[in-house]
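My structure is below; once you've seen it, I'll send some questions.
Letters A, B, C, D, E and F name the chains as they come in the text, with residue numbers starting at 1 for each one.
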Amino acid sequence: MSDPISRFPVADPAGLPEPLRERYADVAERSGFLPNVFGALAWRPAEAAAFFAYHDALMDKDTPGLSKGDRELIVVATSAANDCLYCVVAHGAIARIRTRDPHLADQVAIDWRKAPLSPRMHDVLEVAVRLAVDPAAVVPGDLDRLRGHGLTEDDVWDVGAIVGLFALSNRLAHWAAIPPNEEFFLMGRLPRA
Amino acid sequence: MSDPISRFPVADPAGLPEPLRERYADVAERSGFLPNVFGALAWRPAEAAAFFAYHDALMDKDTPGLSKGDRELIVVATSAANDCLYCVVAHGAIARIRTRDPHLADQVAIDWRKAPLSPRMHDVLEVAVRLAVDPAAVVPGDLDRLRGHGLTEDDVWDVGAIVGLFALSNRLAHWAAIPPNEEFFLMGRLPRA
Amino acid sequence: MSDPISRFPVADPAGLPEPLRERYADVAERSGFLPNVFGALAWRPAEAAAFFAYHDALMDKDTPGLSKGDRELIVVATSAANDCLYCVVAHGAIARIRTRDPHLADQVAIDWRKAPLSPRMHDVLEVAVRLAVDPAAVVPGDLDRLRGHGLTEDDVWDVGAIVGLFALSNRLAHWAAIPPNEEFFLMGRLPRA
Amino acid sequence: MSDPISRFPVADPAGLPEPLRERYADVAERSGFLPNVFGALAWRPAEAAAFFAYHDALMDKDTPGLSKGDRELIVVATSAANDCLYCVVAHGAIARIRTRDPHLADQVAIDWRKAPLSPRMHDVLEVAVRLAVDPAAVVPGDLDRLRGHGLTEDDVWDVGAIVGLFALSNRLAHWAAIPPNEEFFLMGRLPRA
Amino acid sequence: MSDPISRFPVADPAGLPEPLRERYADVAERSGFLPNVFGALAWRPAEAAAFFAYHDALMDKDTPGLSKGDRELIVVATSAANDCLYCVVAHGAIARIRTRDPHLADQVAIDWRKAPLSPRMHDVLEVAVRLAVDPAAVVPGDLDRLRGHGLTEDDVWDVGAIVGLFALSNRLAHWAAIPPNEEFFLMGRLPRA
Amino acid sequence: MSDPISRFPVADPAGLPEPLRERYADVAERSGFLPNVFGALAWRPAEAAAFFAYHDALMDKDTPGLSKGDRELIVVATSAANDCLYCVVAHGAIARIRTRDPHLADQVAIDWRKAPLSPRMHDVLEVAVRLAVDPAAVVPGDLDRLRGHGLTEDDVWDVGAIVGLFALSNRLAHWAAIPPNEEFFLMGRLPRA
């Protein structure tokens, strides 16, 4: 994987304006490396700032109806439906960490229907994948079914917004051919020592 | 069309933080009304700020390889592929104004392949629609073909990023059932007096 | 739109046999122009006679279960599913006039599922679009559902026959690349003075 | 196969107006039975007259570029793509008689791509099936390829018009659930004595 | 049909090891000819032995829940969904003989949904075709529905295994372009003298 | 993952007839566990014997044109196209071991088009996936392209036969809901000590 991280010019994150540069430094420190989607977006600071602000507003949230791990599984299921290597591998890794389950992300990526999910998450993923691949086919009853599982109005909105954000992200990753960092492949697969 | 503008709670834009409130006031003044996507996103200020920042970075740009009108036509073609009423009608209106053509947006929305486009824009829309509906099928040669029409690296990136942003936007509009404002339907169809 | 009205030879309607010539003159007088599908079919008088006879038998009928406007909306929804510019624009115009609604035809063309329709017309369009795009998937219960909305046997037949006739018409328009007349784009969009 | 010949009322052809009654009598005499599509359409004389006039204008023609057998094979291939039992069985029978080949119709119905066809008919069926199932995907080069095989303008038009007419016919047969007459299944399969 | 029976080298069955040679001789004697799938597989004795052993374990079985004729109809319906000429024609012939019905195999091949089937076989074919074309969409309730029609656990397994075996068989026939023997086309169509 | 290994009865492999019992013992010893597809097939000894004989004839072969690792990647790519969790995870593990690459199987499973493959393997996977999902669309030129990469007639046959065998295997795994053994998820991901 000595492939370039993008089909487009790659900028040095050191030149980014604050507070974006800090956001980059923060993720690099926490992860131990800079995820390639950050690197690939660095030549477009305004879009990078908007993208990560949108991301943080939706993904760094833990509610009774939709945990951080649940949110990552939405990303995994819909990104798999879009054949997006970067998002399946990178968010599969994060999902493994957040759900503390070394297998569930792979199960969801390959066949979410048979994955060992709660009825709530089964229905969340069903409607999420439909919104990802055939958005006109979503009907009001789909949202009601999520409400019936205890999702709040905020949670239901988040399901749709996460699907939307990664519809964007998947297409950026395909367009620029952004590969996942090698580290993501193994992350969360081994028991903590 | 007395339908609500969203399936979710709608906030008063007057309560938005600066500079987002200014962005809302600006579009309302220029348009003569607040486009419903602004209204529907107001209850989520962080996402609204990110969304419109992303939008402005891509759409308010006029380059030799990709004019403002061209950018709107990308939105129209891909939003039509996603059956998104809001985006086809609202951006169809903007496309009519920016291309100064009262028919081209409808032609592109219904059958872009037979629309009277330049060879450059024909190829732009072909790859844009493919990225919208089957993103894994985009190949490096698709991007090269756009470069061959004179698009710069920035222009090529923009094609993909616009498709991505409206992949998000289309799904938000479907999820929240955001209707286009009535004003958009007729906008740009009549000759200027 | 100085494009030719067909990829095939175009005959002068003045040379058509009676009563077809009268049918052509009549539509030209009522519309103020000769719709291009008439022009494109003129070189094939037998087919033109059959086509317009079939059309008139189905479309010039107003029943309690299926008004003239309803019939046009079936044409709009299924022609949109077939990406047919001519039929969406021309019959969208007629639908605006017959339903006296300047927006409904566009709503139906882009996303009939969210259009403000009666439950009867929602179900009519659902089964009509299924018959248009996946005809083997129509089941007896689909017809029963229409009967349950008060459609007579004649009305139910008409739904299927209209879908069938425009399955033909859409393919002729694609094959010959028949463009809609410019007049159709604006027709029915402005309030009557 | 004691099933009814239609889901809709069936009229006695004896009551049809001339010259339609004569057309019905003629086919019944030549075939030895009344094909069910005639029976099913009898309750709608205007549509029946138009349908069979359209049919005869396209199918009762033998040109160097498109023989009567070739025309039937277009019907078989596109009707198979639409899963239409009536048209595949009835026109398969006619195709066997007109091509004097007991196997070709079945080969075309199930997998036209591997059927032992001339390069001309291979390309005719390729574009015909595309027009049947994805009409917007037909491009001008498709028609040119048929011209390159020696089809005249009239022949090329006929290819598209036949596809269109049976797009209608297939949907009528699905909608009314018209079964093929038993006689068609065996017709043309046995060597003439 | 003087086409070769395979795109690959064809071995003389006389050189096959026992007991495979006997299996070949047996089918040739019972049929009066060697079905081409036997001929095409002869150059790969290990695969041929495995294939026909698998076949015999599933197809030469007659249970109250799934007769030999029912099993052949599963092959016909799913092979038709895969456009496989060899399997539709050869197993259509066997289905005609085993069901003693000269029309049912054609009806199932072209449109199983409207074929005159028992509710049991209608549901068997529905889930079989889904397993053939969209296997992830099979849900536990599909198997339960078959159990509700009286199929035993063995019968339900057989439905899936037959679909699977012919998913393999269809792909071999497409890959090697194996044509059906001429004899199959007419077999079972004529009343026994 | 305390889920059962099948929706159907599970037999004790100890009761299998020779030489199948030996085959089971052998794989259990080499793997350190009995892969679940062996367990799930044990209640059907004849099918199990045929399945593993077919498997061994195709997969335990190393040729210059198609190595053992290449063969596993065909399984991974086509099983991913069929959303088959068992085959993607189990054969992904074997592919990691045979290619000595900890990432390639995941790359192929999620988006084979952008995976770092030789031109030969890129074309092998392209035609393999087409045979898996749309078998009628395979044309003679597809096989010729593989020959052009140096594959022998045997190798080309093997490509199609492997796709076919796993078309069967994927459907068995979906039908019986066979989960991958936990051990497969991590296998081949860690550097050898």
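Please note the rule applied: a contact is a pair of C-beta atoms (placed from the backbone, for glycine too) under 8 Å apart; a residue touches a chain by one contact, two chains touch by 3 or more.
All of these numbers come straight from a predicted model, not from anything done at the bench.
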Copies chain B and chain A - interface residue numbers shared by over half, same or different: same
Cα-superposition angle relating the copies chain D and chain C, to nearest 5°: 180
Chain located farthest away, centre of chain F as origin (C-alpha): C
Comparison of A-F and C-E (more C-beta pairs in contact): A-F
Whole-Å gap separating chain B and chain D, where each centre is the average of the chain's CA atoms: 44
Geometric centre distance via CA averages, chain E-chain D, whole Å: 29
Euclidean distance of C-alpha centroids - chain B vs chain E, Å: 51
Set of chain B residues in contact with two or more other chains: 83-84, 111, 136, 177
Chain-chain contacts as defined at top: A-B, A-C, A-E, A-F, B-C, B-D, B-F, C-D, C-E, D-E, D-F, E-F
Chain F to chain E touching residues, read off their complex: 7-9, 44, 46-47, 49-51, 53-54, 57-58, 82-84, 131-132, 135-136, 138, 140, 143, 153, 156-157, 159-161, 163-165, 167-172, 174-177
Residues of chain F defined as touching chain A within the complex: 1, 3, 80, 83-85, 88-89, 102-103, 106-107, 109-111, 114, 116, 177, 179, 182, 185-186, 189-190
Chain A - residues contacting chain C, complex: 136-137, 139
Residues of chain A defined as touching chain E within the complex: 111, 113
